[in-house]
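Mind looking over this structure? Questions follow.
Order of writing sets the chain letters: A, B and C. Residues in each chain are counted from 1.
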C-alpha cells in the first residue's frame, strides 16, 4: 500500500464507466469482497464477474489489491466478508486444492515452479489434479492408473509443445531460462484443465517481441476454451488482448468496462496519470 | 587396536555390517521422508519400528507359530514370512498414522511453532515406548525360527548366511521400489511437489494432508519391513529397542543427507560398516564412539551429508 | 562401636535366662519394660506399624529376578503376619526397574519413612552402588539377596549385608566349572560393562589365567551382537564366559548359535532366569550353564519349597530362598522388638541362626560368613533352567 503520486481523492461508490453488456453467463463472481489485514483494507467491497469465454483484464497501480484479489479467489486468503462463486458454487472456506479441482488455475507474479523437477514433471503435477485413481489404486498400479498416467504424459507433452517449450521437457525447471519458466508456469496451470486461468503479470520482464508472442498465446488459450483473467501492469498489453477491464485502486473498483471506455475514463486516467506503466 | 582381527575378518565384518546397516537404512527412510516433507524430526518413528517387531510376532502367534516351534516347511515358511511382513507393516503403519493424526495434525492446524512439534515428537516416542513397556511388563519376546541360519556361500574366508543376504537384498529391493515410487508415480510426484513448495502444490490441486498421510504411511510400512528383518536377524524384541535403533537410523539419515532417500540407504550401510569395523578395531565398547566420531567428521566436510539434502532433490 | 552394639544385643538375647541370674535380671527388667512400653503403650504407632521394604526391579527388562525376590520377601512377611495377627508388618515395595539413575531417589524415600526398619535389596549391584550410600547415611539396614559385586562390602557402609557369596566366590567357582567340568582349553570372556558383569568377568579372567583366549564387551540394551560373535568365532574358543544379565545374554546366545558357534556358554546368576531361555529360544539356549551363589528352591530346608509353591502357584525362582531368609532376619528383629534402625542393625550384625538356604551369620563387612557360602551350577535343558551340581570351590 505504498502507492505514490495519486492525485485527487479516491472515488467513492460503485463501478464507474457502466458495466459492460453481459450477454454471456458469468463464470466467476466476486461478490462484495472485503479483505482486511489488521488495520489495512486491501479489498474494499469489490464486486465483479468474469464471463465465460472472455479475457478479462484486472489492472490497477501497484498495491491496488490485484494479487490479493487472486489470492482470495484461489483460497490462499479467506476474505473478511463477501463471497466468491465459480459456476454459482461458493469458494470461500474451501481448501486450495479443492478450488483448483473446481476449475481455477493460476500462475504467480514471482515464478513458483517446483525447481527440482523437470519441466515435464511440473506439468504432470498439474495433470494429476484431474486424476481420479485412488491411492490404493495407484499403489497397486491398476490398469486405470496406468492409463491415466499415460494420458497425463501425452497431455503434458502436448501442453509443453503448445507453449513452445517442448524441447525442454527433461530439463530441471530451475535450469530453464526466465522466459521458459514463465511459459512453463502457464503450461502447468493449463494442465489442471481450469475453466478459469488466472495469469498474474505473465509479461513481467519480457521484451516487446516476447510480449507480442505472449498476447498471441493468451488468445490461443482462450480459443482452446479457457476463460482468462489477466492481471497486468502494462496497459498497452491489456488493451490489446482483453475483452473487458476491471480497474482497482486502493482496494476499490473504480472502473469496469470495455478497453476503449476504460482508456478514456477520467478516474482511471487520474489513477494512472504520471505513473509510468512499468513502475514497480 | 586389533588390526590383525580387523583385516583377517574384514569380509565377515563387511557382510554383517551391511546387513545391520540395511536395517538402519529402512528405518532411516521414515525419518528422511517426513523430514523432507515437513522439516519435522519425527522422533516417534523409533517406536513405529518397535511396534512393527511386535506386529510380526502377534501375526505369527495368531496364525499359530510360536517361539519354540520347529522351523516350518519351505512353503509354510514363505507364508509365515508374508504373514509377518503384513503384520509388521500394518502395526507400524497404523502407529505412524496414529501419531500423525493424534499428535501432529492438530498442531499443524494451529500453526504451532517448530519447537512444539519437536517436543511433541519426543513425547509421543516416550509415551508409546512406555505404554508398550507397561503392557508387556518390559519382558523380552523371542521370535520363532522361520528357518535355520545357514551358510549360503563361502568366498575365501567370507561367510554369507541366508539371513544376512536376505536382509540386504530385501532392504535394497524395498529401497528401489520406494525410490521408483517417489520418482515415477503420481503420488510420489505429489510428495516431491509438497516437499519443494507446499503452498504452490496446494494451488496445483494437491491435497497436502493426503500427501502427508501417505508419507507417514510409507515411512511406517518401511519401518515395518525393517522390523520383520530385525526379527529374523536379532530374534528378540522388547518395548525399549526403538530408542537405540531410532538414534542409529536417524544418524544414518543425517549421514546420508536427511531428506534424501538414496542418502538414507548409503548412510545406513555406511553406519553399519563403520560400527562393525570400529568395534573390531577398538573393541565393542568403542562402537558408538567410533560411529559418532565418523559422523561428526563427515559432517564437518559435508555439512549436508554424503548425498546432500532435500527430498525434492531425490533425483540427484 | 560394634562392641557396644553387641553388648546391647546380649541383654536381649538372654532375656529368658534373666529369670535365673539375679544381677542380670535387673537389666532384663529394664529391657522388658522398654519392650513393654513399645509393645503396649504405643502399639499403634510403635512396633506394630513397622515396615520392611523390597528394593529392586519389578518391571524392566531384568525384572524377573526382582519379582522372585519380592515373592520370597512377601512369603516371609505373610507367614509372619499370620502368626502375629495383632501386630502385623507392612511390606513396602520400591520398583527400581534395575535402573541406577532411579535408585537414589527411591532410596531417599525409604530413608525418610522412619517406620521402615529394613530393606531387602537393592537387587542389582549397579543400583546398590548408587543407593547404598544413601541407606548408610540414613542408618537403614539392608540385606541384599542378590547383589554380588565384591566391592559393595568394601565401601564402609555399615548397613550393608548380603545373603549370598559375592563374585569373588562365584568367579572362581565358575572358573573351576569351566576348567574341571567343561574341560575348556580356550575360554572367551565377555562382560556387559555393568558393575556386576564386569566385576565378575574380571574375577573369572583372573582365575582362568592362561586359558582366556580373548575378551570383549557388550552394552546394556544392545541387541545386535555381530561384532562380538565374529570375535568369538575367530578366537576358536571352546567355551564362553558371559558376565551380565539375561536381557542381553538371550539374543547374544541366539546370534551365537545362528552363526554356528558351538562353544559351551557359561554365565552367571544374572542370566539364571527363564527370560534368558525365552530370549535365546529353547534350541539355542540348550546346554548353557549358569553359576549362582544361590541354592535351588527344592534344596531349601524346611517347608519353604512347598509353601512358596502354594503361595504363588510356581516353584521358587532364583534368589527366592535367599530373599525369604533375608526378610526373616528383619522379621526376627521386629519380633524381638528391634523397631529402631539402630537396634535392628546391631541385631543383624550378631545374627547367628539357621535359615532355609544356609546358616546365617555375617562378618564385619556384612558378607555372609565364608564357610557358609554355597555356589551351584544350573543347566538349560529342554527350555528350563534345572539344577546341575554344587560347585565345590577349589581355591
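Following the convention adopted for this analysis, a contact is a pair of C-beta atoms (placed from the backbone, for glycine too) under 8 Å apart; a residue touches a chain by one contact, two chains touch by 3 or more.
By chain, UniProt protein names: A = ABC transporter ATP-binding protein; B = Branched-chain amino acid ABC transporter (LivH).
From a predicted model like this one, the values you see are computed outputs, not experimental measurements.
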Distance-to-centre winner among chains (Cα means, whole assembly as reference): B
Chain whose average C-alpha position is farthest from chain B's own: A
Chain centre separation (chain B, chain C; CA means) in Å: 40
Inter-centroid spacing, chain C versus chain A (mean Cα positions, whole Å): 80
Chain A and chain B: spacing of chain centres that average the CA atoms, whole Å: 44
Sites on chain B touched by chain C in the complex: 5, 8-9, 12-13, 16-17, 19-20, 67-68, 133-134, 137-143, 145, 149, 151, 161, 163, 233-236, 238, 240-241, 243-245, 275-276, 279-280, 283-285, 287-288
Residues of chain A that touch chain B when the two form their complex: 74-76, 95-97, 100-101, 105-106, 108, 112-117, 121, 124-126, 128-131, 133, 135, 138-139, 145, 148-149, 152, 188-189, 192
Contact footprint of chain B on chain C as seen in their complex: 59-61, 63-64, 97, 193, 216-219, 221-224, 226-231, 233-234, 247, 250-251, 254-255, 258-260, 275, 278-283, 383
In the complex with chain A, residue positions of chain B that touch it: 185-187, 189-190, 192-193, 196-197, 199-208, 210, 214, 310, 312-313, 315
